[in-house]
């Protein structure tokens, strides 16, 4: 009953087999091999357009390079108050951007409200050098709250970004989970909405280590080659990433894995909703379920081996829980078994 | 006949099998799993003392974090003129160190001469704020010229470093190859000589992606946790690195692989020396052979499928080659076959 | 009737005369002249202890170097939500600190509440590498709201800082104004309370350009020499700063100038309080008066030549003004004349 | 007999008087006052075209911002091996540029040889991400050796820069001295030759602290506003710089001051050439004389109160001095008196 994080799971067998299959023989290094090219072409197919693809080692690196490529002096990036880039990356975006700042934007359940984003950006007029200058907007899809921006919500965020001539970045650490949730295509969820660059995560969804920064504006690709190398993110045996993505995309494995993870979360959510003592804090759109458990129930579950995190109560929900209740995050993954879900639910 | 670089090879089967073996089940992320602990303990055994081990994605990252941890304002690091850190990392050490500079030190065949190192350091007296301040010395073992510092040579470099109170870093991208060449132990080649931190490379020697920064001074480990995370180098599924190192160290596989690579280089060197038209530019200590080939011989070899790089002639050898001769680098690896070596030699 | 900012005034005649007096002859550069030494000694007298003094060109530089000297990887500094360092320095502290972040702490009238500071620091436990690590606390004295921390309030902030082993920085852009307001000594207002380093501003209080970073911990002085030079803040003709400070301190001119500025603010505040239509938004402790003016009154004043800024309404006062009222900041300086104050008040 | 450096002198009386004259009254801050505008307009007249002018506190800041504005990831700037930016600024250009590197270019007497510059740039082909990318060329006018690039030599350097699409920066810490030496105009010495941005120094030539970064490409001015502020280089009482420049330019004072300094250097050079024991190391083009003095002569001069620096012997002159000879730098300034020159010469 491991619901702590999707990165506690290992890798799907197909990923490992692909690594085994490509281990023999020789291939040119530093992202120049035939397999690298093939996988980059696959990204172009998936996104239905030319893209520039940069493999990196972590989502933190993808996000930080994305924000850095848009940076200017005194730059200010905008993201949700609870976004991974602002809360959980040890200041990496600022480090990669030589001191750029991230300004938190409010909104319920991990999603920026477009009007609030607009108001925050307006606090940095370009003629006020003291304040600094807006540089980029970053949205997380799926969000840290397990929710997803609808296509219309992405449209609204993109409209604000474009009105201020700011590029729009999508942190897609759980890109596939969001895609399944919206039942849409990568193109529809990104550049057709106005997204300019994407951190495309494969690691949480069944890979060992497969992250990519995808740029739709090819004119910034040349610079990104140098930015990535300078950041120590250009792998010599780049095949070890492309072999993972090769298997990940083959036969739409990636969508199947995300579909499974989301389905397990839905099963978990249903079970909790139907339980006597527990309830959902809010609707689970993807593979993260936020549940309100009685303290004794949480203790009992943990005694039985369940692993899951306590979660800070969002500001707008403070006071809405009973004293004997706690908020918890439950994450499913490609590897989650229905048995474990049912076992968990049975104790709620 | 691939002699372009040891990173053109893939991974040893045992590495892939270990990844497969650890793919199932769950483990805590971000370097906190039992396997991570086990491998760190293995490092301690290998180095015969307590060490702090930080897995990272690339040698560039390991080197840059190493130099950054020693950095101060206006800092100047010292390395050989042809060292990887100064010539081939796109300025990453400077980026990680907020503008620290690398000063080239001369010496034949990739090795700093201790007296020259001392003279270069003395150019930065601490009372001259304009010049900046010395911060760290970095030596490459094995060097970019395929040579190794003898234990006495490391002693001499360490003595200069200590005389100026500077920590000593070893770029060990080819650590195992150097170890085999010197027939010594990791402890003897590093901290017993005065080395303070090591970039420990596994990738070139049969792993997919396994690099570690090893600190002998445990007091700097706490800060390095934040430095690594801030640099986007903390892997969520850290097991994918530790599983590689686990297999790498098991039964001394790593030493066997390096021994093989070095033996193949020796075989190549012998063949070239015995050939009618070709000769060695200098002695090959490890798995890199620098050969002087007639231009028509090089062309013939390439026609037959040999892949290898032209190499810039070191300053002190300029003018010592005939007009129809060229300098080339030939790199062997764990995967090099004797057949290919013999085929190459037969055409020299 | 210029009440826009104290930096709209020029320089006190004594400052210019001192520059004239030191213009002839020669003196060694880069902060090594006899006059530099004399002024540094004067700082020691003023603070009643040994100090390390670093002249710089701007308060932004002093603040940024102060925060940078305390920085570590993934560092987080803490300051009031409206502090100059977080709101008005174009991200300079982050730039000097390679990406360090500033976390806003709440509190009424520009002053951090100690308990809230403690709560914010606790959000960054050292075992959570994702969050980053606390590095320094910065308080502004006098604050951006024209208020001052009492000695007891500084004690409370210092106690929290020390409890978390964090150095405490004081942004003293209006140090003299605060000192006069508290009727205390520099030593009592700083290191005797637990302040570790001070941005000591002279520019707003009658100098042309005289700012200094004062360190009470002499062990960090050596590094600061390099940090300042690296930041392009070491003046070759350092005398041009020391000559200003020399006159500034002579005969306690600096205290007289601040006393005058504060007195003019008090006169302004009294006048506004006594007026029929206008009132104070809050008590003026120093040389900044925050007044609530009827819109037609503000327009009339501006028509008559008064210059002053509209000011954003603090969150806790939103809704407490009438629709026809506006919040304005009125700043006095060493150069403000009572006539102008009275003229202003007569129109309120 | 002070010949140590031109920054050992103070300020010309006209500079101080201008500061006195502008000390009273009020003016808007942060570079927005009428006087700031007037002086910027004066720069445009001097350069015979529209320019963007940014006052900063030091030449180090002007140079570092200039190189930073041209920077890209993994960037490499090119300058002479002995240039101030590479040798005497504590790594500031790298700090401002987040790790950009400076590559030394050789050439006798402080001047880059165009062909060598071209060769150095070619070592960084854009398809080699490991090496990094060329970003900017910086030449010093006058050089650290007291020489000046002729207009034809600037043409040659500019041609190489343009061939590689690199902007060309001129470090003009001694701009006026070079101008007088070449008997040309600011326009002819800069943008008409292909120079794109200039560090325009006034401090060494009679100001207290007056440095400006001049951009001929107005499209980069908007970004520079933020870069300057972020670097803590935007003065609140910007008038203190513009008042200096106002007097500096009035009646061509700046040219008269440089003419005097150069004339004093010529007088010194003539005297040394005519002396019995001493000689010039090379021709003095501006206000720096490099003299070879017998050791006992140097000692005697110092005993009589002369202050001047020993100077490192350039590599190409090593071995060309007698054992009892030493190389020394003698710098004159606007304040140097003929009496002192003659006194010095009389002892040579």
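Should a chain be cited, it is by its letter among A, B, C and D, assigned in written order, with residues numbered from 1 in that chain.
Convention: a residue touches a chain if its C-beta (ideal position, glycine included) is under 8 Å from a C-beta of that chain, and two chains touch if they have at least 3 such contacts.
Just so you know, these numbers come straight off a predicted model, no measurement behind them.
Looking at which of B-D and A-D shares more C-beta pairs in contact, the answer is the pair B-D.
Seen from the C-alpha centroid of subunit D, the farthest chain centroid is that of A. One inter-chain figure worth recording: subunit C and subunit D are separated by 34 Å, centre to centre, where each centre is the mean of the chain's CA atoms.
Averaged C-alpha coordinates give centres for subunit B and subunit D that are 41 Å from one another. Rounded to whole angstrom units, the spacing between the C-alpha centres of subunit A and subunit D is 50. Under the contact definition stated at the top, the residues of subunit C that touch 2 or more other chains are 30, 73-74, 89-92, 95-96, 98-99, 129-130, 132, 226, 229-230, 234.
Across the interface of their complex, subunit D is touched by residues 73-76, 87-102, 129-132 of subunit B. Of all residues in subunit A, only 30, 72-74, 98-99, 126, 129-130, 132-133, 222-223, 225-227, 229-230, 234 touch subunit D in the complex they form.
Per the touch definition, subunit B reaches subunit A in the complex via residues 2, 4-5, 7-13, 15-17, 19-20, 22-30, 56-61, 64, 89-92, 95-96, 203-204, 208-209, 226, 229-237, 239-240, 335.
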